[in-house]
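Common to both upcoming complexes is chain A, partnered first by chain B, then by chain C.
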Partner chain A sequence: MSTTDGPTLIPDDASAQEIADREARMRRRKGWFPGLSDKWNALPRQTQWLILIVVVVIAYLLPILNPPLITTEPGNNWQIALAQMSVYALVAVGLNVVVGYAGLLDLGYVAFFALGSYTAAMFTSPDSPYVHIPYLWTLPLAMAVAMFFGVVLGVPTLRLRGDYLAIVTLGFGEIVRILATIIPAMKGQVGFQNVGHPPGTDSSGQTIFQNSNGTPWYWLTLTIIILVLLAAGNLERSRVGRAWIAIREDEDAAEIMGVPTFKYKVWAFAIGASVGGLSGALFAGQVGFVNNQKFDIATSILFVAAVVMGGTGNKVGAILGGALVAYIPLRFTAIAEFKYLIFGAALVVIMIFRPGGLLPARQSLLAYGRLAYNKLKGALGDIPASGKVVLEPGKGADK
Partner chain B sequence: MISEVIPTLLHSVPVDDTWITFDVNSFTQNFWSSTFDGLTFGAIYALVALGYTLVYGVLNLINFAHSEVFITGCYGVFFTLSALNFGPSAPRLGFWAIVGNLVLALIVAIIASALMAVIVERVAYKPLRQRKAPRLAFLITAIGVSFAIQYTIYWWRGPSPEAALTMFRPLAIFDVFGTIVDSQQVVIVIAAIILMIATDQFIRRSRTGRGIRAVAQDPDTATLMGVNKEKIIVTTFIIGGILAGAAALFYVMKIPSGVQYNGGFILGVKAFAAAVLGGIGNVRGALLGGLLIGLIGNYGQVLLGSSQWTDVVAFVVLVLVLIVRPEGVLGSSLGKSKA
Partner chain C sequence: MSEAIEPDIDVEALKEQGVDLEVAEKVAPERDIVTKVGEALVQVQDLTIKFGGLTALDNVTFDINRGEILGLIGPNGAGKTTCFNAMTGVYKPTSGKVLLEGQLLNGLPQHRITRRGLARTFQNIRLFGEMTALENVVVGLDARHRTSVGGALLRLPTHVREEKTAIERGMALLEFVGIADHAHFLSRHLPYGYQRRLEIARALATDPKVLCLDEPAAGFNPAEKEELMALIRTIRDDGYTVLLIEHDMKLVMGVTDRIVVLEFGKKIADALPKIIRDDPKVISAYLGEPEDDLA
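After this line comes the complex of A and B, so read on.
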C-alpha cells in the first residue's frame, strides 16, 4: 500500500534511466526486502510455477521435517503450533481483503472468527442441544453465518466515513464475547467440548483428525489457504479488486469515476467476514473446545497486527504476518506474556517508520498503468519517448 | 439430506427463555433508581466523550487511546488515595478532610491523564502528521498505542482489579418518587455539569477556544491566520486529558473496584457512542449523548437482568444512531458552533 508517498509526478522529459533510478530509490525506502517482488515478476512463468511448487511442498512437509532452530519444541508441540499458525495465516488473508485491499479498518474481526467457532461448536458438539451436522458442513455454514453478520454490520456503517467502521467493529467484537457470556444458550465459560472433526480413520483404526495431533489440521488449513489465495488473487486482479484499490487510494475519486463504492465496500467486508468465519470453524475443530474466553478484542488487534506487519494489501505478506504473530509467542515462550504489548507497540512503530510492512504491496494501479503505457508504446512504436501528446487548440480538446 | 436437516434445524431453534428474558416487573419497580444511576454514569461518559469529541473535531481522528488516558487518571486516583490511607471501607474523617483528599486525588488524576494525552499525541500522532500519512495509518496507530498502554499496565499491575477504595459513605439527600437520591450521585452529576459548562464556555469565549474552533473548521486557513496549529492540537489533547482525569475520580467514586488495566476500554466505546449520539465534534452534544447513553444502558440493564447488557445496549444504540441520524441528535461540528 502506498502509505508514505502518493503517486509522484515524473517529469515528462525524464529519461528511462532516471525513471528507473527514481523507482529503485522509492523501493529501497519501502521494504525490508527491496526489489524482491520485481525480481519475482521478472522471472519466467515456468520458473515461478516451479518455485511455487517447491515452496508449497516444503510447506506441506513442515510438520514432518520439524526443522531445528525454527521449531517451537520443547516449549510447544510443533505440529499444533503449525496448525495454529496456519489458522492465523488464514485469518490474516481474510482480514487483508478488508484492511489491505479495500482500506477498511475492521477492529472486531475476532467477532467473525468467534461466530465461525460457535457455529462449528453448536452444530457438532455433544454439549449442544441443537441439531448436529457433520463437521465439514459447518465450514460453509460458518462462512455463511459470518458473512450474514458482516453484511448486517457493514450496511449501516459502510455508508459513513471509515472511522465509524473502526469503532463499530471494535464494539461488535466485544459484544459478541459479552453475548456469549450472558446468553444461556451459548454456555459462557463452560463452553462446548468435543467439537466435531472431519471423518476418517487411519489403517490402525485411529481417528485421523485428533485434537492432540496438529498435522492433519495443518494440512487441511494449508489446503484451504491455497484455495482462498487462488480466489483472492483472482478477485484482486478482477474488476472488483481494482475497485477496492481505487476505494482504498481515494474513495471520493473512485466514486466520481463511477465506482459504486458502497457496494464494493460491503463486498469486501462480507468476503473478509466469511473467511474469518471459516478460520474460526477450523480453529474450533482443531482445539476441540469453544468457550467465551478466546475471543477478546486483544486477539482482534493481533489479527490487525498480522496484516500490518506482513504488508497491508499483500496476500503473501498477510500469510507471513499471520504465521509470525502466532509463531513468535509459541517459539519465544519467555516473551509470550507480553505479546499484546509487543504487537501493539509494533503497530505504532511500523505505521510510523515502515508503513509497507515486511512485504509491501506494490502500487498496483500505477504498476498496471505503466504496463499498459509500455504496451501501448510498443504497439504504436512512434509515440515520443516523453509520452506527451500535444493538443492543439480547437481540435476537440475542451481547453 | 438438506431437506431432512432444515426442519430439524427449525425445530431446534432455541426458545426465547434460553436467550433473552425481559423483566418488566423489575423495570417498573426500579425505574427511578435506575434513572438516577443512569444519569450518574451518563455524567461520567459525557466527560470522557468530550475528549473524543474535541480530538475528533480538531484532527478528524478517533483517539482510541483516550480510554487509556482515562484509565491512567484512574490509577492516579488509586495511588493517591491509597497513599492517603483510603481503603475498602469509608474513611473516618471530617467533611473538609475528605474534600481536601479528593481534591488532591483529582489534581493528581488530571495531571496524569493530561500528561498521558500529550505523550500519546507526541509519540503516536505527531510523527504521522509530519509524514502526511493516510487516515488508515492514524487509526491503526491509535489502536496500537491504546493496546501498548493497556498491556504495559497489565504487565505492571497484573490482570486483577485493584483493591476497592471507598471515598465517603453516600448520604441520602432527598427523596424523589419514593427513591433516595444520595450525595454521591448529586456530587458527580453537578461536578460533571459544571465542568462541561466550563469547557463549553472556554471553547466559545476564550482566545484558545477560538483557535480550536478555527483549526477544526479549516486547519490550513487557521494557520494562515496566525493560529499555531500544533499548539492548538496539544491544547486540545490536554483539555481532553483534564476532563478524563476528572471523569476518573468520579468513576472510582462510583465503582470503587473498577480500576483495572482494561477498565477504560469498554467505557471508551460507550463514551464514543455518546459522542456520536450527541453529534461528534459538538461539545453540548457530548453532554446530551453521555446522559442518554447512561440512561439507556441502565434501563437495558434492569430490563434484561445483567449488568453486562449495558454494554450491548449502548452498542446497539450506536449502530441505530448511525443508521438513522449519523450526524447525531444535535448535529456535528466543532468548527460551526457560534462564536
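After this line comes the complex of A and C, so read on.
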C-alpha cells in the first residue's frame, strides 16, 4: 500500500513548505511537554509495555513507600488518602466515557455513584432490614443497578442535546439525593453503619479490609481500575469508540454516516453509569458508612472537574485528574476549606493555558492502526518532498 | 437516457496511469445491487416539502438511473439541498415518496437510509475533526460492520477481522481519492481540498448504491475542479451511481450524464446536458443571458 502507486490522476500537490507549516502548527499546539507523546509513540510496543509495568508496580508500592513530600501525612493517613484517590480516579474513568468520549455533559454523575453506594450499604449493613449478601457480590450488583438507571435516565433524555441534557442530568443527580432523604428505607442522614467488606483475615486473625486500613482497599481499587482501563481501551479501539468520538465531533454527520447515534449514546450512558456504581460501592465499603450527605451537586461538579482537568477524552488523564481532585485537599489541609475556590481557579487557568487538560493525548481509535501508520511512515520516508513527517500527538498510543 | 451513461474517458489510459478502478471491489466485495445498469435505482415521486407556509419542494419527480451521474441544479433557493435532505432523511417529506430499489425510504432513521445505500457529503465540510483521515473513513466502513459492544469489549474474532479489513479498505479508499499519504493527519489539519476528498472517501466507505455529492467543488480553483471531475467520473466507472448538486456550470456540463433543473421548488427540466444548455426555460431561470459564458 505504498503511496507511489496510487492514482496519479490527482497529484499530491502538498509542497514541502505546506508540510513544514503544518508541522509548525502542530508543534505550537503541543503545550508544556513538547514531544512527550511523540517520544512515547516512537517507542516500540515492548518498551511501552515495560514502562507501563514499572509504572503499575510503583503504583502498587505507593502505600508502602509513603514517599516524603508527596505523602499527605501528618494531616491525613496516607493509605486512606490513596484509597480515596483511587476511588475518585475510577469515577473519573467512568465519567470520561460519557463526557470525554461521547461528549455528553452529565452533571448528575454523582447519582450513579450514590446508587452504587446505597446498593452496597443496603445489602451488607446490619442497619438494613433487607437480604444480606457478601460484599463482593454487591460490586457487580451495584454496576447492574447503576447501569439500569443509566438506561432509564438515558432513553428519554438522550434525545436532548448539550445544555438541555446537562440540566436534566443535574436534576437527576438531585432526585437521587432527595429520595435518599425522604424515603424511610434509605435512612436519610442517619444512614447505614458498618457497610460490608471483602472477606479475609491476616495471620494474627485481624480483618484485612478494615475501614482504618486503606492499603488493601487501594490495591483492590487499583486492580479494578486496571481492568476497567483494559476494557475501555478495547471499546475505544473499536467501532464503539469511533462512534462515540464521531458523535462528540458532529452528531448529525455521524448519524448520516450510518452511526446509530441514539443507541451509542445510551451505551455510553450505561457503561459510564455502571463504572460510577462500581466506584460508589467501593467507596461505601472503604468508608464503611453511607448517608445522604455525600452525594450533593458539588461532588458531581467535582467529578466533571476531574475529567476536564485531567484531559477530556483521555483515560490516563482522567485518572490523573480524579486522583488530583481527591489528593489536593488531603495534602494541603490548610487550604482544604477553600477547595472549590481553588479547583474553580485551577480550571480557569487550565482552560486558558491548556484547553486539552493536563494530559491531552488523543486516543487511538483503530485496533491495528499503529501498524498501518508505521507502514505509511516507512513509505513516506521515500518521498523527499515530504521531509520529516511528524505524527500527531497521541498517534497509536495505547495507554 | 441510457446512451448518456457511456463513459467518455479513456479507461485503458487511466489504468496505465495506475488508477485503481476496482476500489469498489476492494472496499465492498459483497456489494449487491439488484437494479440493472440504466434502470431507475432511486425514484423520487411527487416529493413535496413545506416549511409552514413556504413550499420548498413542489411535487418533484425524477429518477436516478443506475450507473449515471445525475446533476441537480437550480438557482439559489431552488430547493436542491432541501431535496437532498429529504432523500437522506434529514427532513420528513410533507408528501411524496423516495424509493431506493423499489423500497420506501420515507420515515427511516438517517443511519438506516445510509445502510440501505444512500450516502452523502456535505456542502460545508463536516468531518470528525479530532479523528485522523483514516479513522474518518473507518467510521464510514463501520456502517457495514456487525461487531456488538460485547464483541468489541472481549475482542471476539469478528471484531478482530473487521478491524483488520477496515484498515486495508480504508487505506484503499484514501488512495483512491489521492490522500493516502495523509492518512495519519487529524482531519482538521488537512488542507481544504483534501478535506473535500476525505468526505467523498468517507461517504464511499459506507458502500453506497448512490453517492450524493452536495457542491463538492465549492471553493475549488479551476485546476482542482478539473481533478474533481476526473475523480467523479472514476467513481462512476467504478460502479457507483452519483447524484451531484453543483453551482459550477462548467463542472456540471462537463461531468454529468443527465441534469434535473429545479426552480422555486419545481422541476422545470430533465434532460441531457446539451439539451439543458439550449433550453430557454433553464437559461432564463438560471443561466442568465449569454450562452457562450457556459461552456
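Keep this in mind: the second predicted complex is superposed on the first by the 324 of 399 C-alpha atoms of A that agree within 3 Å, B and C clash if a C-alpha of one lies under 4 Å from a C-alpha of the other, contacts with A are read in each partner's own complex, and residues count from 1 in each chain.
The criterion applied here is as follows: contacts are C-beta pairs under 8 Å (C-beta built on N, C-alpha and C of every residue); 3 or more make two chains touch, one makes a residue touch a chain.
Please read these numbers as outputs of a predicted model, since none were measured by experiment.
In the superposition on chain A, A:T157 makes contact with chain B only, not with chain C. Of the two partner chains placed around the shared chain by superposition, neither chain B nor chain C is touched by A:V57. Residue contacts after overlaying the shared chain place A:L347 against chain B, while chain C stays out of touching range. By the touch criterion defined above, A:L69 reaches neither chain B nor chain C. Applying the stated contact rule after C-alpha superposition, one finds that A:L107 touches chain B and leaves chain C untouched. After overlaying the two complexes on the shared chain, residue contacts for A:A334 are found with neither chain B nor chain C.
Chain A residues 3 lie at the interface with chain B in one structure and with chain C in the other. Chain A meets chain C in the complex at residues 1, 3, 5-12, 14, 18, 22, 25-26, 231, 234-235, 237-243, 245-246, 248-250, 252-261, 267, 271, 313, 362, 365-369, 371-373, 376-377, 379-380, 383, 386, 391-392, 395. For chain C in complex with chain A, the residues that touch the partner chain are 14, 17-20, 88, 90, 109-111, 114-115, 119-120, 122, 126-132, 134-135, 138-140, 142-145, 147, 149, 152-155, 159-160, 162-164, 166-168, 171-172, 175-186, 189, 191, 197, 202-203, 206, 227, 230-231, 234. Touching chain A in their complex are the following residues of chain B: 5, 8-9, 11-14, 18-20, 56, 60-62, 64, 123-124, 127-128, 131, 133-137, 139-141, 143-148, 150-152, 154-155, 265-266, 269, 272-273, 276, 306, 308-309, 311-312, 315, 318-319, 322-323, 326. Across the interface of their complex, chain B is touched by residues 3-4, 99, 103, 105, 107, 129-131, 133, 153, 156-157, 159-160, 162-164, 166-168, 170-172, 174-175, 178-179, 181-185, 297-298, 301, 304-305, 308, 312, 337-338, 340-341, 343-348, 351-352, 355 of chain A.
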